[in-house]
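What follows is a single structure, and I will ask about it in a moment.
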Amino acid sequence: MLLQSELLDFFNETRAQSELICSFLETEDYVVQPIVDVSPPKWHLGHTTWFFEEFVLKPYKNDYHLFDDHSAYVFNSYYESVGEKVIRTDRGNLSRPTVAWVYKYRNYVSKALKDFIESEELSPEILEVIEIGCHHEKQHQELLYTDIKYILGNNPLFPKYNDQFEENPIYDFPQEWISVEKGNYDIGHNNTDFCYDNELGRHTVYLADYQISNKLVTNKEYIEFIEAGGYKDVLLWHAEGWDWVNTNQISAPSYWHNIDGDWHQFTLQGLQKLILDAPLSHISYYEAFAFAQWKGLRLPTEQEWEVANSKFNWGSRWEWTESAYSPYPGYSKAPGALGEYNGKFMVNQKVLRGGSVATSNKQTRPTYRNFFHAPLRWQFTGIRLAK
Amino acid sequence: MLLQSELLDFFNETRAQSELICSFLETEDYVVQPIVDVSPPKWHLGHTTWFFEEFVLKPYKNDYHLFDDHSAYVFNSYYESVGEKVIRTDRGNLSRPTVAWVYKYRNYVSKALKDFIESEELSPEILEVIEIGCHHEKQHQELLYTDIKYILGNNPLFPKYNDQFEENPIYDFPQEWISVEKGNYDIGHNNTDFCYDNELGRHTVYLADYQISNKLVTNKEYIEFIEAGGYKDVLLWHAEGWDWVNTNQISAPSYWHNIDGDWHQFTLQGLQKLILDAPLSHISYYEAFAFAQWKGLRLPTEQEWEVANSKFNWGSRWEWTESAYSPYPGYSKAPGALGEYNGKFMVNQKVLRGGSVATSNKQTRPTYRNFFHAPLRWQFTGIRLAK
Amino acid sequence: MLLQSELLDFFNETRAQSELICSFLETEDYVVQPIVDVSPPKWHLGHTTWFFEEFVLKPYKNDYHLFDDHSAYVFNSYYESVGEKVIRTDRGNLSRPTVAWVYKYRNYVSKALKDFIESEELSPEILEVIEIGCHHEKQHQELLYTDIKYILGNNPLFPKYNDQFEENPIYDFPQEWISVEKGNYDIGHNNTDFCYDNELGRHTVYLADYQISNKLVTNKEYIEFIEAGGYKDVLLWHAEGWDWVNTNQISAPSYWHNIDGDWHQFTLQGLQKLILDAPLSHISYYEAFAFAQWKGLRLPTEQEWEVANSKFNWGSRWEWTESAYSPYPGYSKAPGALGEYNGKFMVNQKVLRGGSVATSNKQTRPTYRNFFHAPLRWQFTGIRLAK
Amino acid sequence: MLLQSELLDFFNETRAQSELICSFLETEDYVVQPIVDVSPPKWHLGHTTWFFEEFVLKPYKNDYHLFDDHSAYVFNSYYESVGEKVIRTDRGNLSRPTVAWVYKYRNYVSKALKDFIESEELSPEILEVIEIGCHHEKQHQELLYTDIKYILGNNPLFPKYNDQFEENPIYDFPQEWISVEKGNYDIGHNNTDFCYDNELGRHTVYLADYQISNKLVTNKEYIEFIEAGGYKDVLLWHAEGWDWVNTNQISAPSYWHNIDGDWHQFTLQGLQKLILDAPLSHISYYEAFAFAQWKGLRLPTEQEWEVANSKFNWGSRWEWTESAYSPYPGYSKAPGALGEYNGKFMVNQKVLRGGSVATSNKQTRPTYRNFFHAPLRWQFTGIRLAK
């Protein structure tokens, strides 16, 4: 756990970073919600602030006055035990509170929390909730990037976010197989520094011999799959993946545009020619699985990934694994609202490992378990193969 | 038809009025589209501008340069013959172009059009299209009011629009029946000044004896209907009205809120106690019909309304009639894109007559035929009874 | 009104006819409901029987014992005032009661009703309800034909119904225009013999000069429309018709199949080559309207149709009119359950006039007002043009 | 693998059993499909027959003549690689081929296959496909029971299937915990006799210490959960389980009816008073999980279940496990159509272990992996707890 003085720095840095991310937006960009999975940037800014007010200031700070009685209502999310929530699809229909209001709300809560940390010695319990709140905000920073990309990238004018954000590292080194021998391995977090409850309970697993790639699948390899008719061969797909392809008429990764025969990609730097040596991004689990089938290979399990992770570079794409998101042995949810966070999503989701170009470096650790529904593509998702 | 000099005034007044209406909004309010029938105010401002660019400047003005190549794409609407359109439900997902951009676009087009009117003598054909463009913008001004009301009135914070807009006149005069004798009557527009194609073709109809009320149904009378169980008596409703009531769990007009036993109404002035003597507003055709059934009366036809209109006051609510929206005898659509305007909607809609507190006075004339689908309630719609 | 002795014959003939229609079916054909508008033949047989039990035997016959307590529940329809109904889409999921049970139910009720007519002198009120019950059953006989056609014609094996049922008369006489002069005309039923409440209230209408075709549009003419790109020209269609065409990928009338370049049609006699000189059938109102637009003509109103009907042959197809289904002047629904019958459907439906090859001759009279939603095509619907 | 002579007996017994199951049905019961997961009994009989024709007789038997060219089309299922399929939801709309036809088809194929087995020595490859076909038919026998239960149990008349089928064993012995020590265990099928591809690849897993109940949860215990408000406590449910409960207004297991305060259950013997000591049945995975949460316990994984299975009785209910359905290490699908069988469903499904009162004894073995989507309840599903 962080010291109180370290926490203040962490808090200040976290709050500033969210605002830096949004500094490249127009007011209008803060408001819209083109699909249910994407939240308006305004909402992310308010919601992460509400978290500190609801779980730190309200219960623990003497004489704290709420900035506004309605804020909890509008910026609450899935924490249904706290109170009535705004239906998620409605977020994009709320023009009020305004962006200016949200920034005032942020400043008010940030100041109150800084005062709180600076003015008295806080109990470990309070320090822990504040640290969770910072990590929570960092998670939403990743969503800010991906949601902004969705909002801009689905606008017919293809406005760019800025010139600095670099999505596409060059992966021109050779592909190799890393071998791991069968045996018992320990995985999971050892709980010495911050992690989420779903990583806890370090435990033994038995793994058979396997090999895992040192390199993510590149755009170039994926074009081969497309050109070989991968999207049209039913035998490569899960039954529900095949339905998904046909219902949604999918024929390429998200953000790809074939303009006069040339593949382009919308990036946060705007619409560009596709970089062939960059790691593939914005594909669903169904596509990851079909690509692996086509190669005669497979996706790793999350256990295989974690055991081998020190032997390859990762961090530019969230990597779909074959593992469904389930509780680790001995998992039990924390009591109360914070405890709802992870356990309630442990059905019908796939685990992703690694982290992406949009992930805060505080959120990338070998034990981190990200999870999404199989068809989702708005995150920076990619493929690492195993056999 | 207006003289060229009159048209300039009309144009200037119209353009200024749209901007005045929007001057009470926050930037965020311009962007959202909570339901498909409501368009973002930003879109109305751009779309009415696009109309002048597309149908006047582009075809007729020498050396006119488009403000921006993409504008037609984003601000086109149902005129599918002009080019590909943005799907209507998508309007609320477009954060760009920004509000500031839209105002620049308006200024550019307004200036170009003023120059055009001032600098040369225009043909009657051009003058007519400009006049249509002004009426088109005035129609969208009414939608601006009703769409703004929807956007603010469905926000949990209930923000008010301004303090000036008065929705609710007091109707405390006695109800009386106006009798009209059977016989042949002529209805429709005589085409001496501006009207829409659907009003044209003045023609004879035969009407039997009838009586029509001098007064719109008030909120007080409608509360009696609610309290008598009107929403729960299947025998009062059309079969599809009954489905609508139950599927959507309707139990009061739109914008009504029962707070601790007292009826309140969201208005453009904010949430208020319901004014009992004000004319009822925001009800569907199904509700209008059911109320009439409950009274043992009926709605007038549009012919009955038009023949008697000089004998009663109207103009605060659009009045649902029993008439389905059909072409008048001899109706034929004008060729080309402008001609698409009315004929293509002549199925499964109900005619409304009169005009509302949100209607421009240029749009309220005895022959004007408004039309909406039976379940829609976001307009200022009311009930006048007949027997 | 019929004499009591005539009514007995009418009843016997009606009951026998329903059973004759079904005598060509396999047991399985009685059970299924492929779309919501089509009811299982078993249901029609039970429902028409329930009508006599519910509205005649139960209220009027002393000591009548219900055949079974559950029958009302399963065979009730939209008469919601009588009791809870089985949701219409569920009819096809009910394997019980069996077909054999339904025939026993029919026999029991038919016998009880015959006894009732033969054994005592019935009041005019009772006689009227029995006569309505017979007409009701005759209406369901038409639905039996069209629903059976749908059930068989949407089976991939294309089983034929029988060899006798002739759908396609030959229309090889020349097309001519019948002129009607402007003036006041009376339409509606004079109430001397049986009719439905929606035909009543003979009343005056004023009609302008018009011309109406002596001949229904043929398959040959409709092929010209298809080949001229009629289904692809947005300008010919209502906005909602255009949506319907595209959403459902409509490119020909229902039951048409293009097999190796030749148009075929599924008929009750099985799959056949399309007969070019037969009147077009199984088209929606949207298609009827678009065809008329393409010809530069229009559909007649129901008033125009009724005034001119004696001057042309009709009866092989239900003819879409331009008229929306509305109450005649002075219409008021009858009290109680029977009265629900017509008024509750008077919104968003189009009137059809004439009658089809499937219509009982008791149901074809010049004043009869049939009505369907604009997209429906499973009836024998056709086009007569006007100008 | 079975000897050829044993296989003949197995084949004969299997075919006779399907027909015995259906011998209690009315013709109408064979036809309907009330929900997409339930297939008409007629379809099961035809489909299992088609399997033998398609995969045995057609490829391997000289001079075999298809019974009918259309059969493959109508009775194919998800094996999309074989040819175009009838959409699953359409099965219940097909009145043809008739039940009588299906029995003729069965007899024809059964006779041809018996002749084939009796007349020549078959290769191991052929014997294997025939054996798979028998197991395939036995799987469909279980579906026959559950689908028939759904068809009859959702009919408002609640017809019983027969008096013999016993669903509800009495579980009145005491509940005890069986302890298993941590360590490496081998699971999966050893491939000495018949199994499915998803069981293959016997492999090592490491398990931590755990305890598993000797007894399934009973109806009595589940009533306690209901009465304690289990369906109303959001904290017990997965997020998507909570949505499911509220969207579908679930408040009890499937087939339960509270009649005047007493719980009843529809069984294949008809509607009965609920037997309190019988094992709970017809609950979704969401309900199984919520019940375990309420108890402060959990569901076992499929590995835990398999390792401990010899220490408790099982076989009356399919037992939901916490395990998502994933491939075993080294799993690769068999080439061709038969190989599609299992792998394509390995996403978003939960594994169930054990077997139910409807399961053929050939299908209940400790390694058998059944799988269903989380919300499904029409199978005989139950709960065994672990900790």
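Read from first to last, the chains carry the letters A, B, C and D; within each, the first residue is number 1.
Here is the rule we use: a contact is a pair of C-beta atoms (placed from the backbone, for glycine too) under 8 Å apart; a residue touches a chain by one contact, two chains touch by 3 or more.
Since we're looking at a predicted model, the values are computed, not measured.
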Counting shared numbers against all numbers at the contact of chain C and chain D, is it over half, same, or under half, different?
-> same
CA centre of chain A versus CA centre of chain C: separation in Å?
-> 58
In whole angstrom, what separates the CA-based centres of chain C and chain D?
-> 45
Calculate how many whole Å lie between the centre of chain A and the centre of chain D, each centre taken as the average of the chain's C-alpha atoms.
-> 37
Find every residue in chain D that makes contact with two or more other chains and list them.
-> none
Can the chain contact pattern be summarised as a line, a ring, a star, a complete graph, or none of these (other)?
-> ring
Using the touch rule from the top of the page, what pairs of chains touch, sorted by label?
-> A-B, A-D, B-C, C-D
Chain B residues within the chain A interface of the complex | 26-34, 42, 70, 73-74, 86, 90, 92-99, 151-152, 154-157, 159
For the complex, which residues does chain D have touching chain A?
-> 78, 80-81, 182, 184, 203-206, 208, 210, 234-235, 237-242, 285-286, 289, 298, 322-324, 326-327, 329-330, 340, 344-348, 350, 374
